[in-house]
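What follows is a pair of complexes built around chain A, which joins chain B in one and chain C in the other.
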Partner chain A sequence: MGKVSKSPWLLHYDASSCNGCDIEVLDCLTPKYDIERFGIINTGDPFQADILLITGGVNSQTERVVKQLYSQMPEPKVVVAVGICACTGGVFKECYNIRGGIDTVIPVDVYVPGCAARPEAIIDGVVKALAVLDEKQAVMKTPEEKER
Partner chain B sequence: MAKRSIVPFGPQHPVLPEPIHLDLVLEDETVVGAVPSIGYVHRGLETLVKKKDFKQYVYIAERICGICSCGHGLGYCMAVENVMGIDVPERAQYLRVIWVEMSRIHSHLLWLGLLADALGFESLFMESWRVREKILDMFDETTGGRIIHSVNQVGGVQKDMDSSMLKHLLETIKDIERDIKPLVDTFLKDYTVQSRLKGTGILKKDDAILLGAVGPMLRASGVEYDVRMLGYGAYKNLSMEPVTCTDGDSYGRCVVRIKELFQSFDLIREAIGKIPEGDIHVPVKGNPSGEYFLRIEQPRGEAIYYVKGNGTKFLDRFRLRTPTTSNIPPLVETLKGCQLADVPVLILTIDPCISCTER
Partner chain C sequence: MVKVIFVLAYLIFAPFVGALLDGVDRIISARMQRRKGPKLLQPFYDLGKLFSKERIGVNNVQLFLNMSYLVILMIAGSMLFAGADLLMVLFILSTADMFLIMAASSDSSPYSNMGSSREMLQMMAYEPLTLLVAVGFYLTTGSFLVSDIIREDISAVLWMPGLLAGFMFTTAIKFRKSPFDLSTSHHAHQEMVKGLTTEMSGTTLAIMNIAEYYEMVLLLGIFFLFFVNSTWWSWIVALLLCAVIFFLETLWDNVSARVKWKTLLYSCWVVTLVAGGVNILILMLDK
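Our next item is the complex of A and B:
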């Protein structure tokens, strides 16, 4: 990871997880792990967020909420699937009300495995997401902006 | 009469780590009614008993909820053990109590932090969660997991704690007790915190009983009821009195949870003092046949487990009534008449655990 070009804001949504990953996501913000040292702030507002952290598999109720949150975020945006349920469905894969991972609904850029995902792994995933965000930003630049 | 308007609250909201939706009926700034709707985290875990055998299902039971994971594993295992007539070794029962009380400490510290966050008291939130890290590190050391521990199994526990671990646990508890004293003073004596908590969301004793409140919500209204008094597992050998408070408001619920933290410290100390040597699990033969109802006290209140076996390795039915489910009607009652700005705090004071509620 090189220089971080932006202080990205983070939006967290629980698509249907057991809570384990959610409290670990919040844990990343607190003094021991302190994700704010990368300039990252947890926001509740999708219109201001750059990174969407989603935990848990998707069910029919949360599907439209996830799609709506994703569409409300401005470009460029990155989606991080936190925990094995968000990646593939995990232990809940055989449940009748689970569609599977987040990638069945919206495109996912970074997968963070684990049950529950450890804060170190989540931070690693978010740092990887920063690199993806930079790439996406570079693609969006107009020729004039690139010359500058 | 002022004009009525309906404000949607959730499912995605900054104060909620989990999705719950409420339609708030407002007259100006005053809430006159609230209609909760749930179903955002429903996975259908109870039906998984038909796909996973009764020993594998312990892992699913622990994933009903990440915060009360240890308690759900314990409740399920105890229900199955009662169906099968298994006598769990004494040492395993004590170890279970130690881990469940540790998860109560972790859950209550988490709640205190979230409450501070809902009040907008950021530094208090950070401090509470900093102290909570110590108990998570202790979980990591004794079980290998921070949130999901997987220590319970049908017939006992999977891991033992040796004497050095127990000694370290005692030291950690002493550290935590020292660290939370200033936090407790802030929660209970700070003017700003008091002005947000005192007198809001009052639930009278009669209403609490009528609406079926459980756990700290019930005890804060002055009812002495704690399932641990029944003496399941090793609790029969430990001394405890239910913590109560007669205020019935948000402040009372905060007081009850803080006192329960200290109660948990004492219970762990007593359990470590009395823990006998011996096996930690017994071999399990055969399959469960018959049914059983069981109640245990989770950090959020009374949880009821029902298990029905049919003699095969797959259970017929598993049913769970979680504390948050029974605390939602009292919540709707306390929301009536409050100000819109108090709604997030009042929702938090029941300590909602949506993934338990919806399973």
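Our next item is the complex of A and C:
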């Protein structure tokens, strides 16, 4: 079976971002950065996604959405937190409605700091996530995991 | 014996040819947008990955219905490559599509249901012209049989250029190309997530993709019929012209935006009536 890192499909969700990081994420699709050369497709459908890319910290309204998106993605899957808000809560950390970084709700595999995170950093983060994705796929194939 | 070889070649190689064409299509699209684009074999990597993903079944029938879509498409394609009745091939093609619609409407996602109703609308848009193409071949060659059509002395396209133009227009729907990719799209951002395929994942989606590759080769096979005649070199010319048509569909995909459903329906029917109808009329009067 094919390696999942050769065709990682990406789901982008804005948990409470100021749109700074979102624009940088979309920048990655432009001719200059062109993440499709890694086979990456920005799908928008959790059922078909392998990488969940989240910008912004989690607040009380987006908490259940993040959880649901994560639960709808089939294994193996990885989560990339893009931007300092997604990593730790950033400048909004002390706000009454902010839970904090993404890792307060779902497990995060790769953190990409920055405000806003640069496209180069996002691509580096996603490529790092691909290695994690392959590791998870290898674990899935081991006999103990299959029995489960 | 030759028929058996052709059918086997179709059944075995069509998904590979389809996936390669898809890879070429994605690279050409990327180059048109001044991007580098994915690797040529990307569709194969995608399929490999989809088969290795965890299976999330939204219900018990979706995978079965998608399998039916695949198998019926394989039957339709085999009939075309066996030189059977063209009209029958086109009917079975529509039957296959009905299974895809059922698969999409079997789950509870509103996006998927909307995708399936749009797919039905698309069928309504392209079906009249598809039937006229079969009628056109009958009027030109005096037979619905593919094996007779390819043995004509002159290529059918000389008698049915209007039908060819119309078929190129409506095939954009079948290839799921912009401006007619209403029900589901190869491109990322769509107003209804992924439309038809919203709740398909892993194996289910992979089977749907393979079926689409079979369909792609089948449709190019029908384009092939337009150009082929009894001479051997016409086969090469027809293959080249099929490649040109595929390129034109890619080009059209990149220069146009998605239309509303009414524009789709009206434009397809106007093209059917003008290009197809007039062509049929001339054939009926002159042949």
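One rule holds for everything that comes next: the second predicted complex is superposed on the first by the 136 of 148 C-alpha atoms of A that agree within 3 Å, B and C clash if a C-alpha of one lies under 4 Å from a C-alpha of the other, contacts with A are read in each partner's own complex, and residues count from 1 in each chain.
What we mean here is this: a contact is a pair of C-beta atoms (placed from the backbone, for glycine too) under 8 Å apart; a residue touches a chain by one contact, two chains touch by 3 or more.
Being a predicted model, the structure only gives us computed values, none of them experimental.
Shared-chain residue A:Glu94: touches chain B; no touch with chain C. When the two complexes are overlaid on their common chain A, residue A:Thr62 makes contact with chain B while staying clear of chain C. When both complexes are overlaid on chain A, the residue A:Gly44 reaches chain B and chain C alike. Looking at the shared chain after the overlay, A:Glu75 reaches chain C, while chain B stays out of its contact range. Looking at the shared chain after the overlay, A:Pro31 reaches both chain B and chain C.
In the superposed pair of complexes, A:Met140 makes contact with chain C only, with no contact to chain B. Measured by the number of chain A residues touched, the leading partner among chain B and chain C is B. Legend: residue contacts after superposition of the two complexes on their common chain; A:Thr104 is shown touching neither chain B nor chain C.
Touching of chain A by both chain B and chain C, each in its own complex, is seen for residues 31, 43-45. Those residues of chain C that touch chain A in the complex are listed here as 26, 30, 33-39, 42, 44-49, 51-56, 188-190, 193-194, 197-202, 205. On the chain B side of its complex with chain A, the touching residues are 11-15, 17-19, 39-45, 47-48, 51, 59-60, 63-67, 69, 110, 113, 125-126, 129-130, 133, 136, 145-148, 353-355.
Chain contact summary for the complex, chain A toward chain B: residues 12-14, 16-24, 26-27, 30-32, 43-46, 56-57, 59, 61-62, 65, 69, 91-92, 94-98, 115-116, 118.
Residues of chain A that touch chain C in their complex: 1-4, 6-7, 29, 31, 34, 36-39, 41-45, 47-48, 50, 72, 74-76, 137, 140.
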